Each structure stands twice: as structure tokens, then as C-alpha cells.
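Shown next, in C-alpha cells, is the structure this report addresses.
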């Protein structure tokens, strides 16, 4: 284990948990790649008056997934796609191939990334870092409608 | 980044958060493979009268993990097992081998999948997609008793 | 799917959800490796009087990540580092290399591990298993200040 030190912990803020707010986001992918949904999720947080609490994102599919990744340079996303293609190539002699050569790789890539994510909300905003964006990753070759459940639990107006 | 469009976002439902309900599920694996726990988790959600809120699943082990994957064709699970075996093979000259050749691969496969999952509950049911099942993945060769903590936070009867 | 059986499910405990408590933990890594933050997170849980509820950990970076892994033998961490290095090597001809040869591998390793984790709290303590520790994984070569948001939602004193 690397030596390291804890530098600080901010005094905890504490508020009443009073609400659960849920919505379903539907988007259309354009085939394999990353879809940035950060702005739409931020709009949800703002519209429901979320102040402090936990935001859950859950994608209702097994061939598309979620990740939080770099928001600045698109070449990062190209490299991430290349890695996923290498870890689960289409020509790997999959047993399950009835739904096309891109189906089983899509399941693998989903398993290696995320189906659910949680982002704390504080002072009315997601606590994303400067370089973080929220992405849906479409793993199939064709365009698909994809659903993401957004659910906030905590203090809201 | 792939072009795409947001198609819709449903009007948010909003209810009072009033409860935390926790239970520990113990299961016995039969050695390496996927154990479908969807029905048992659904029973928990129903029995506690969960209406709307976040369900957390947490597995208390470092050589077994959680994933949400395809529930229909068992060949998908065979292929996922094959990928995990390829990403973390038993014969990779691990430093840590005191607990047997399947131990370190089990830790790696745990790290690459999930220790915690969250599933939003809405209208009294988990918002799983049509093809989604919840699995415990046993990564050790021998049968083990495994514990999964189920915890609901939100509105319950 | 492996044959298996559900052995038991404990009677659910049920308490009122009354609070959201949030804090930001800052730590300094010493370059690539695993930083054990379990004790510091346990102190947060104790100090805020958390009794039962969901603890979210969220790391605000795309080149450092979270994992829950074996706490006993340091050779496990060495092997995990070796696997991450093999899955995303520095010499893989990344498109994105403006920030140094260790930057794109850091993004990949982040994607394959976790940005958010949830740990249920029960009876005033995290429900970690005997061998589980919570780690920040620093994926860059140089030391960095890293922020982890800790947020508890549930019953607290």
C-alpha cells in the first residue's frame, strides 16, 4: 500500500431527508459510443429543487452502460472505446451469438463498466469534479432508445 | 462523442422519504458461476412494502461480486465467465498465492465487476429492465456461504 | 447458471430516515497505488452518529478511483496493480497523450474500477466483511490531492 496522508475532512453538513424524487430519462443513441447526459441530469437536479442528498442513476439495459469520465478531450473517449473493443472483441468466438456479433461484446463491456452510479448532491448541485461528465455508453452497433432512471433521495424544496 | 438526442424525461414523481429497512441475505454458492438472486431481492422489496426509493445491494466479500446481466440465455453467463477467466487467469504468476491458485484471480474479477449496486424502486417494484437479472458471481472454485446486505431507503408502508 | 440455494434472510430492521450528512475528505496520494481510507470513513460514520442507512462514497476525479478489496495481505494490492497495468499499459499507442504517458491508462483504469461506492450502515457501523477495506486507487505517477465525498442518508443521532 502506498504511503499517503489524509489532509482534511470538512465539518459535516447535516439536513433533513424528506423526499424521494424519481424520473425516467429516454435517449436515442446513434450506435456505439459515448453519450454525454450531464446537462440533462443537472436539469433534473435543478428542476426538482434538490438541495442535499444522493442521486442514483440506473440504466435499464444489459448492452449499454454508465460511466463518469473526462469531459474535455474527445480523444479520451476514442481511446476508451478502443480499450473496450480490445477487452471484448467481436471475433472472440462467443457461444452466445444469436443476436449478432456485437451482442455478446456489448454484455461484457456492460459488466466491466457500470449499471448504477451514485452522485452526492450538495448545495443544490452534483458534486462532480471539474473534469467529470456522466456518459451512457452504447455498446451495440445500431441506434437504440435507452432508458436511465434518475432518483434523488434527500432534502428537496 | 456520438451524436444522439434526449427524447424525453418523465415528470418527476415525488414522495416522502420515511424509512430505512435492512436485511442480510445468505446464500450458498456451488463454486464458480453466476447465482441469480433477483426473485429473492424482489421478495424483500415486496415484503417490506417498499414504494419508492433506492435499494442498495452490498456483498461482504472480496472473492465474490455482484452484477446485473442478461436473464434469458444461459450462454451469456458462460461467455461472461470465460471473459473473467481470460482477464484474470489462474496461471498468471500471481505474487499472492498462499490461498490457492483461484484466490488472486477471484480478487481481480471482484475488482472488475461490482461490490455494491443500487436499483431504484418505483411503484412498489424494482425498475429492472426486461432482460436484467441480479447475480452474485462466485469466483472461488469451492462452494461458499456468501452474504449480501439489502437496504432500502425511501417510502415504505 | 450455477446451482445454489438461498440459506436465509434476516428479519428486516426498520428505522426512520431522518438525515443527510455530507463531508469532503481530501487526501494526498504518493503516486500510483492503493490508499486505505477505511479508518477515516469509519470515523466519519461514528462522529455523525450514523445508526442505519446508506453511505455513498464518490471520488471527484477521472484518473483515480475507488475499490473495496482485501485488507490483509499487501501482495494482493501488488497483484491488482499489475493487472491494471496489463489491462491499460502505458505503451499502448493512445491517441490521448498530451498529459503524459500515464494519463490515458489512468482514465481506463478508473473506468474499469469504481467512481462511486455504497456501503450500508447497520447498528452504527459499516457492514464491511472481515476482509474488506476501502481504497482510493491513485492511477497517476505523481502525488496528487484527491477528494472523496462522503454522504450518509438514513437515521443518525
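Here the chain labels run A, B and C in written order, and each chain numbers its own residues starting at 1.
The working rule: a residue touches a chain if its C-beta (ideal position, glycine included) is under 8 Å from a C-beta of that chain, and two chains touch if they have at least 3 such contacts.
These numbers were taken from a predicted model, which means no experiment stands behind them.
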Overall pattern in which the protein chains touch one another (line/ring/star/complete/other): complete
Interface numbering overlap (same over half, different under half) for subunit A and subunit C: different
Geometric centre distance via CA averages, subunit C-subunit A, whole Å: 16
Interface hub residues of subunit B, defined as touching at least two other chains: 17, 54, 87, 112, 114, 118, 153-154
Residues on subunit C engaged by subunit A in the complex (per definition of touch): 17-37, 40, 44, 47-48, 54, 56, 58, 60-62, 74, 77, 87-88, 94-96, 98, 104, 107-108, 110-112, 114-116, 118, 138, 145, 147, 149-151, 153-154, 156
Subunit B-touching residues of subunit C, taken from the complex the two chains share: 1-17, 52-54, 67-70, 73, 75-76, 78-80, 82-83, 87, 112-114, 117-120, 122, 127-129, 131-132, 153-155
